[in-house]
Amino acid sequence: MQKKLQGVLPPVVTPFDHNEDLDLAAFKANLARWNRTGLSGYLVVGSNGESVFLSEKERDQLLAASREAAAPDKIIMAGTGAESTRATIQQTRRAAELGADCALVITPHYFKGQMTPARLADHYRRVADDSPLPILVYNFPQATGLNLAAEAVARMAEHPNVAGIKDSSGNIAQLSELLRLCPKDFAVFVGNAAVFFPALCLGAAGGILAAANVIPERCVELQQAFQAGDLTQARDLQWRLVSLAVMVTVTHGVGGLKAAMAMNGYQPGVVRSPLAMPDEAAGSAIKEELRRLGY
Amino acid sequence: MQKKLQGVLPPVVTPFDHNEDLDLAAFKANLARWNRTGLSGYLVVGSNGESVFLSEKERDQLLAASREAAAPDKIIMAGTGAESTRATIQQTRRAAELGADCALVITPHYFKGQMTPARLADHYRRVADDSPLPILVYNFPQATGLNLAAEAVARMAEHPNVAGIKDSSGNIAQLSELLRLCPKDFAVFVGNAAVFFPALCLGAAGGILAAANVIPERCVELQQAFQAGDLTQARDLQWRLVSLAVMVTVTHGVGGLKAAMAMNGYQPGVVRSPLAMPDEAAGSAIKEELRRLGY
Amino acid sequence: MQKKLQGVLPPVVTPFDHNEDLDLAAFKANLARWNRTGLSGYLVVGSNGESVFLSEKERDQLLAASREAAAPDKIIMAGTGAESTRATIQQTRRAAELGADCALVITPHYFKGQMTPARLADHYRRVADDSPLPILVYNFPQATGLNLAAEAVARMAEHPNVAGIKDSSGNIAQLSELLRLCPKDFAVFVGNAAVFFPALCLGAAGGILAAANVIPERCVELQQAFQAGDLTQARDLQWRLVSLAVMVTVTHGVGGLKAAMAMNGYQPGVVRSPLAMPDEAAGSAIKEELRRLGY
Amino acid sequence: MQKKLQGVLPPVVTPFDHNEDLDLAAFKANLARWNRTGLSGYLVVGSNGESVFLSEKERDQLLAASREAAAPDKIIMAGTGAESTRATIQQTRRAAELGADCALVITPHYFKGQMTPARLADHYRRVADDSPLPILVYNFPQATGLNLAAEAVARMAEHPNVAGIKDSSGNIAQLSELLRLCPKDFAVFVGNAAVFFPALCLGAAGGILAAANVIPERCVELQQAFQAGDLTQARDLQWRLVSLAVMVTVTHGVGGLKAAMAMNGYQPGVVRSPLAMPDEAAGSAIKEELRRLGY
């Protein structure tokens, strides 16, 4: 993979129409608009892409469409983690066939009591061995109930085909250890906007941020300000991002994220049940927040 | 459904051969042996059946095989829960076509922060409306990170097509509330042997117990002793069950369960990665425990 | 100690007047009324006695008053646990001087990360060695953030001066292990009414129940029905107790407990800040619940 | 209070001799040595000062000794929080009489289920009203099981006598919100070294760091490097601090902290039971870590 793993990527949403069927045209329209921003690329069929609701065929359609619609310089990162090692390998190979640049592999977690560090190390080693693509480890304790300690990730980072991590824990002490223990070229992305700026201060490569579906330019500006040494502006942008970020992730989830995108001119469609779109009050709160941010 | 929802059911394991491929012959052989016990029926493609590792085709094969191999009076309960409402309905319909008697539907949980009581109530209502089979709600907080409160279940129990619950929380105070609030004919099963006897004291209909894969007779005897009013014998059987039960669920998981089954003459095969079979020390501990129980 | 450690004990509340000062007359009046019930005794200066708010002098006054006001056959159990081993020993000796029959010792917990099983075992051994009274271990994870596993308690039970345990965890699987592993004469009390009946089924000696401050007779009747082999009546009493119990412990805490006692003719006074008495709506809910129970 | 609330303060340990009795001479000797560093002041009778083990008289002795031994420009911050509002006020007044500059007030937490935001707000308002000293709120969820949300702290910050907060949660997203919502002159200290550098990037006033008992100069240098705009050096110092900090807080607790201090020439004495000094292996690990840091 020659594209540099850094910068801001949105975990792109999967648009569904009012029958909850896949809307590929809307998906491509969103990518066309994002292509004109400073985003480094796209995470496709990830958590915010409602991957757990997608059939095998739908996953294939989305990966193919992303390769087709994305500007050539944008990274296509495919979410390919499954509960079994064999299914994870199959999905990663399929993503490679469909043109993805790298794969994001979440920790298997249904049998969380059995997922010892040794079992997880073995899982990632086998996936990395058999994957035609560089893989990134995905640590998301809030969804999985499992956390990968910094030492465990550092050992995984020794494999030549493990290129980085998306850490959505929000645990900055752990992120700090991670950055201290891993090689310089191991790409550490944070997965929540609420800690984006402090993560950059510690040396993170970038962020895979739900909010970047809605306001990609602001997220990119924050990293640029930091890189230019303007801590004050970076911190101010951080503070302006946080409340929107919390709203479209923790509080209202993917439904809130899709509502905010629609308000900002994107074509996100609706969510699949049992998720739901925000009710009127929540919708107004999101609109108000976007207005406060100058949209 | 005319079979009475009560008694002991094992959540039957799915045998895999040494390539981790499905071994249907072994699956049927186990059912043939269990048919000669006092078990009320079988939970197929449930958690202990490693359902999260199964393809659609494998699920179909297992359900068809269970209908074929089970004695006619045994209940076939199919695990059909998925993350999306639409996939849950599809799998439940498919289980009906393949001859299942009822369906067990786990709470969707990947987006746990969004799974409010209202969202879950709506999910179960829609599944119950569209299901050709009676459904049972499945509460398994240790795996899902979500708990269904007694009041929420009591409201679900009002739906004519919601026939019962499998509660694996181990929370007896909550189970007590559940039994108090739900109609008498609502079938309350507990999902862990560690609380089987106290649950019976409170009025539970039975147990869906991993240990019943290994020692079905002992589990059935416990319930029979209780029903005959022999609290002392029931309590003694409970104490003899508990340490084995903890070993084959919490400590060594499905791998431990399969190892114990093999020691007791069943054909469980191995587990799929990233799960693993117990190492030698753990295997010896399980063997010792079985010996202590008189096997 | 010759009184048998079994039956129902209320963790008696500490009455404060409207200046939040100790009201010893009210305290004695409550004991005088409880003396006429089937309660086995009283837990004084325990959690529900707001012991964490009491000065050394107030503790002494309450222990002396309880010895004076309690009927001679009632057990006086004194809460004497402190964070340091030395303060725990001092308070236990002082309780002995003031006439207590036994002492209840909560796990030290402020430094919870350091309270390994070995540290706790050592703490209890030293307290038991130096205590003139038999001690009971107190496991209350909801307040302390620490849990004592069944094996750890079983080892403590080997000490001749460790006479029993109050377990408020509500974890029935653990209680079952505890009863299996400890000697027959080790007195196991549960600390929450929500699991009182199932705990009796498993062989518990009794309950130390907040609700017994309000409706002591019902709690005693439950245990008597169980001992007479009338499971149905015991279960029915359990169901009638549970919602009141939840209200005066989990939902409204000591403030709710004191409000319910006042409604039932006791003299509980008010709580100390930052605790608060229930507001009007909560007060009405408690009154309604008492009415439903026939008071 | 005229001294500026900023910079690095150690939560000073309380030396005990081998009978576990207070050693005031050792306490003063440590302060004398720290007086020659760039530390801003001292937190006395805080968590790391084993305040939960101290008698009223010992608290008074330590506060008087700290006023006597501290250089005049050093801040004396006294830990004065207790479970009841009345005891907290009494201890805060006493600290003022003994010459403290400000008071640190931990959230009451034994009755954590009852400590609603409204109850806590009322507690802090009453303490702030009655305190002769400016107070700082202390948020320490790991010990208390309670967390103060950023919005709740922002409302407390409106009181003219609430001067700041010590936040030991390690939650940087929350700290970021706190800094966004509170007035510029509200002094936000972090309570764990693991997030010191990112907290400074976000605008924190300083740190109250256990590690500053051992290596005060390094902690002060980190903040100075940050203030001089040298992010790279600040980050490097952070990385050098983290593993020591984890060792003397999370892993080995106050016992580990005292061992490390002794190795570095201070006079910390031993801990009170049930805490313990590290065993030989742990002691060697700490020594090795100090050596790695250049001591």
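Letters A, B, C and D mark the chains in the order given here, with residues in each chain numbered from 1 onward.
The rule we apply is simple: contacts are C-beta pairs under 8 Å (C-beta built on N, C-alpha and C of every residue); 3 or more make two chains touch, one makes a residue touch a chain.
Model, not experiment: these values are computed from the prediction.
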| item | value |
| --- | --- |
| Fewest hops from chain A to chain C - one hop per pair of touching chains | 2 |
| Those chains which touch chain B and also touch chain A | none |
| Shared interface numbering between chain D and chain A [over half = same, under half = different] | same |
| More contacts between chains, C-D or B-C | C-D |
| Chain located farthest away, centre of chain D as origin (C-alpha) | B |
| Whole-Å separation of chain centres (CA-atom averages), chain B against chain D | 50 |
| Whole-Å gap separating chain C and chain D, where each centre is the average of the chain's CA atoms | 35 |
| Residues of chain C whose C-beta touches two or more other chains | none |
| Chain C - residues contacting chain D, complex | 20, 47, 52-53, 55, 83-87, 108, 110-115, 119-120, 122-123, 126, 142-143, 145, 250, 252-255, 272-276 |
| Contacting residues of chain C [partner chain B, same complex] | 170-173, 176-177, 180, 192, 194-195, 197-199, 201-203, 231, 235, 238-239, 242 |
